[in-house]
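Right, I'll just put the structure down here and ask away after.
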Amino acid sequence: MGFGVFFVRPIGLVAGVKRMIVVMKPEAKDKDLQHVVDKIEALGLKTMVAYGTNRRVVCCLGDKRGVDMDTLATAPGVEAVVPVLAPYKIASREIKPDRTVIPIDGHSIGGTRVGVIAGPCTVESREQILETAHFVKEHGAVALRGGAFKPRTSPYSFQGLREKGLEYLALAREATGLSVVTEVMSPEQAPLVAGYADVLQIGTRNMQNFALLEAVGATDKPVLLKRGMSASINEFLLAAEYILSNGNQQVILCERGIRTFEDHTRFTLSLSAVPALKQLTHLPVVVDPSHSTGKQDLVLPMARAAIAAGADGLLVEVHPNPEEAILDGAQSITFPQYAEMMRQVKAIAQAIGRDI
Amino acid sequence: MGFGVFFVRPIGLVAGVKRMIVVMKPEAKDKDLQHVVDKIEALGLKTMVAYGTNRRVVCCLGDKRGVDMDTLATAPGVEAVVPVLAPYKIASREIKPDRTVIPIDGHSIGGTRVGVIAGPCTVESREQILETAHFVKEHGAVALRGGAFKPRTSPYSFQGLREKGLEYLALAREATGLSVVTEVMSPEQAPLVAGYADVLQIGTRNMQNFALLEAVGATDKPVLLKRGMSASINEFLLAAEYILSNGNQQVILCERGIRTFEDHTRFTLSLSAVPALKQLTHLPVVVDPSHSTGKQDLVLPMARAAIAAGADGLLVEVHPNPEEAILDGAQSITFPQYAEMMRQVKAIAQAIGRDI
Amino acid sequence: MGFGVFFVRPIGLVAGVKRMIVVMKPEAKDKDLQHVVDKIEALGLKTMVAYGTNRRVVCCLGDKRGVDMDTLATAPGVEAVVPVLAPYKIASREIKPDRTVIPIDGHSIGGTRVGVIAGPCTVESREQILETAHFVKEHGAVALRGGAFKPRTSPYSFQGLREKGLEYLALAREATGLSVVTEVMSPEQAPLVAGYADVLQIGTRNMQNFALLEAVGATDKPVLLKRGMSASINEFLLAAEYILSNGNQQVILCERGIRTFEDHTRFTLSLSAVPALKQLTHLPVVVDPSHSTGKQDLVLPMARAAIAAGADGLLVEVHPNPEEAILDGAQSITFPQYAEMMRQVKAIAQAIGRDI
Amino acid sequence: MGFGVFFVRPIGLVAGVKRMIVVMKPEAKDKDLQHVVDKIEALGLKTMVAYGTNRRVVCCLGDKRGVDMDTLATAPGVEAVVPVLAPYKIASREIKPDRTVIPIDGHSIGGTRVGVIAGPCTVESREQILETAHFVKEHGAVALRGGAFKPRTSPYSFQGLREKGLEYLALAREATGLSVVTEVMSPEQAPLVAGYADVLQIGTRNMQNFALLEAVGATDKPVLLKRGMSASINEFLLAAEYILSNGNQQVILCERGIRTFEDHTRFTLSLSAVPALKQLTHLPVVVDPSHSTGKQDLVLPMARAAIAAGADGLLVEVHPNPEEAILDGAQSITFPQYAEMMRQVKAIAQAIGRDI
């Protein structure tokens, strides 16, 4: 038991899981080590110390995912605190290995078929939304998207038709049978929007608006949660966990581009997030090729690529006349472009054993 | 007037400002150009066309900052739409050249003196907040920070003492005379928090929570607005503009680190944002060296650097015993470290003709 | 001709193209404007001044792409200098609208068929490279990849078999008829590597190693140029332009992932770069799903997505036993995984009217 | 010894250090574990297995930093491979705790005094470099910077005066006594440039040009190594290690801005890299406020901030007439601005117990 030999402090039966590894500095003293062990155990966790030749490692055991152990990083002698487990639970495939399929009025998101949600960025008029709804319905969309309340970077920009927009969306549903997906921007709006919409959308800027996540988690409507433009996969799944842990099990994840140094697109569409998410979670994953690229002529190739990457669906902006669009016309596709996209996306889906 | 000669369509007196330059493709037809001109003028803007040898440029004139002209990018023959003016107004130094000084109970943020707002990440107990308040007051802080409602990435993490935390903060104010800065997370919380706090803090994840910006814009309390972790300077000032345009002129901007590829700090503190902001806006700018770095031993050098860069103050986490902190102990500094930081920051402030 | 009226200084016939727009500040004086005009004209460019109501704009005309006009930004009264044209020429589709097809010994990159270049990260032994070459040849690869000289982040890491590796690659070519793609790391290595290889690869870290670009530009071998991990599309095409302008017209571009904040993959594969590049340049574009993701189980979905996005080929790491790989085994796929990938990628290619 | 109990396989005396922790999946079989252990030991490393309740962890011991263990990530049953130690040695403060001071002809970089290296981006003429050298010498510079060979994004841009530029720099050294810092762009240029220069500069685009690092590592001149614009701290120190391990112990590190989404500066100056580097390495660290910001009016505040953050010096662009500069005039400061910067930077240096 000389220098460099190690032993491990035995612990008893533990029901939980390891969560952190605390790496001690080479020069850490025995009392530093004991101090770390005491602190962890005071939190109700078990410890396991591995003594190496010039460094010691403390493994923390237990299922207290809510405990913050970053503070250990400042304890004397500590070099690093390394997390071992992802902290989400309900969203995890470890908890629920089979995939979640979210029914949307006769259709579904997350099953074998790829589901396309299409419509204008913003509801502009009764005619515009009806015309678009009819067209996308005829060409295979499973739901209609359209913004009534619009999050705008500038307070001076058009903020949407608000409740009037919701009414037009409801009319379009009646006329076409398409389910309606629309954004909710604040907790107090949730009941109003849920009264009209079939699926509640949370925008990228609200992915960590926790009060809003809790509010939609308390409704019985499916939620389409857009990834924050600078959110890691872990943060994205934890945002979903807010909704799930409030009782709403119907969450659709949406990759919509991240903020990077690239300037040829508005955001960088990170398609590797699709298979990565599908390994980690049972929730369905869709892709928005419109907002991510910000360019009409990149929507089609990115829509194809998204489905090829394994996405369960698309969220795409279609407008009768993109140039006349009040918002985001630069990225909206026309009716003929939408029809062509559906044709090509269907071919891709079939090539990988799915359909549309 | 042969090939390559250009002319410019004369326009009359215009009160407003130029906002966009539309660059036409070389192959754009005359009717494409006319179409662009017609569209812009239909929006109530004036146009000015410069005919070059192989490209034509349409300049848009007028003060309609709220109009979206991105849709022009999809018009036939258009190569690019280039913005010329920043779209914020009230926040702009063009509108108000002299610097805004925000009084906080006997002190101020934005004047000659550098103002330090210090305290724990989270209010944990009556004793903890009182002890901290007394210490930072004795060592030159102008206000006390402390979270009662905490935005947490995971729903399973500690969410703050909530109203009890606000009560403790109020007690600390009574005991020390320090103003209280604390976060508000949703519009409906605004009245409650404003009832206790002297300054309302908006967190980085809520920088584009527009309902919340409007809610605090409707109060009469100063607002400390943290930069979104992936927000451009322009987006940051437009978020401030939401508050300002709702009637509240007391906004303090806070650079708190942006998300980049760097992994040696939690975020990348972008200190060039400080002088850049001070060129563009009259609002005071403070820096948070705690959350940006996420490391206790980087707080001191970054605090010095922030003041040297021209920041009007600091927002810094101090804890009686960082290792015992429930949250963010890894980045909180101790009382002796805080005292030393104040000593060094004062020396830096004096070196550039300010004080603390 | 009162306040706010503008006129434009007429200019004569100009052969060239507009390159910059200089936006003057509202307060700019007439002499500031004249100064800017004089400076531009001293560079041999023509100018065109558009006088607006409160701002004046100077357009610069001419074909001097090599002239730096950033310095104008510091001239008195200047607010911004805005570029109008991309500065690459030979790589541009404006110059050469039809797509470049690069023949590689009976096969080609850039035509209707999708070309797959496969092989191990590093040549490890005669047996390893021969075994791999035979397998990928039988399963549709058009060329064999394998590193002999390896760029390594650490000087203590394995640097490749060097010339012995080149010899093994040549053996594999003889045995299978596959063309050989291998990396060249410095100008002086270029003749040696070109003596063995059919295609010279430039790694991501060398995308702006201009001496190296010139060296491979002076050879008669096709060059596979990997995008720098933080290069914009513009910089990528300018790096290609270095090779092209040195006389070598055979450049294959390779998107291989960019550096972002994401941590679930080694890099973020930016597939929107594929259609964006194909709009701008006639050069073929391939995708590396191995280095970009750094994860074996993401290679297949990203390979499918790349082809769906319109890529002309793939550069993929295959190893007889990834776990035994000296380098990058974590991202290498096995032989059965490769065979399955080819089957699926072929189906995707056919779905969009191509083949493999 | 029932469920959840763990034990640790004892190992003997080991001279080396732990390098990796391999975390096994909950479902990993005993043979998976044994397989991992065997593979690690086959590399000559020792292992230590810690058995937890539902996961097992293998710690790898030994000093083989060059061994790649990423391949373990694909072994059956393995969840993650976590590195424990930084892989650089000679650059590390663990190896050499006292700071390296690099003498430059009567001055030094890395001691108590802050050293400023100033001069134009590019040597343009004999008069320009002499005039600048005299001015910066009179105002406290310790060395003269100036580019003779220029790395340019476009092949059509001005590439520098080349050897003629080196001659002018040598003239300026004779006339002023200032040491000369200039860039070397390729291995074959190294002897030529080293024949004229006192300090060899490696540009950001060449930070991982390993052949070049080795070439300057073989000279006896100090090397100023600029951080790659997307390099992590770890990669930066490993690039330095290439030079150090080739026998040249005189390396000056230079933070010059990283590539991020920010658009108000050319790059994002990451000043937290300064104290972070100074914790990890004994090498001196300087900051380039010119290239990082790309804006003349941000140079002064960022120069102050850099020194306040603890930088050992500055690399700053000064030009007799920035507007006339062939290159990078937009970020070059004038003579009066330089003199004022030196005055302010000196005050900052003195405020933290240093001088200039």
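When the chains are written out, they are named A, B, C and D in that same order, and each has its own residue count from 1.
The rule is short, and it goes like this: a residue touches a chain if its C-beta (ideal position, glycine included) is under 8 Å from a C-beta of that chain, and two chains touch if they have at least 3 such contacts.
All values reported here derive from a predicted model rather than from experimental measurement.
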Fill in: Per Cα centroids, the chain farthest from chain B
C
Worksheet item: Looking at A-C and B-C, which pair shares more C-beta contacts?
Response: A-C
Worksheet, complete the sentence: CA centroids of chain B and chain C: separation to the nearest Å works out as 37
Response to the item:
Cα centroid separation, chain C vs chain D, in Å, comes to 26
Worksheet, complete the sentence: For the pair chain A and chain C, the C-alpha centroid-to-centroid distance in angstrom is 31
Response to the item:
Multi-chain contacts in chain D, i.e. residues touching at least two other chains, fall at 230, 259-261
Response to the item:
Per the touch rule above, chain B residues touching chain D in the complex are 230, 232-234, 258, 260-265, 268-276, 279, 292-293, 297-298, 301-302, 304-310, 344, 347-348, 350-352
Worksheet item: Which positions of chain D touch chain C when the two form their complex?
Response: 39, 65-66, 68, 70-75, 81, 87-89, 151-158, 185-189, 205-206, 208-212, 229-230, 235, 238, 241-242, 245-246, 259, 296, 322-330, 332
Discussion item. Show me the residue ranges of chain A that touch chain D in the complex, using the header's touch definition.
Written reply: 2-8, 10-18, 21, 23, 26, 48, 50, 52-55, 57, 59, 61, 80, 82, 84, 259-261
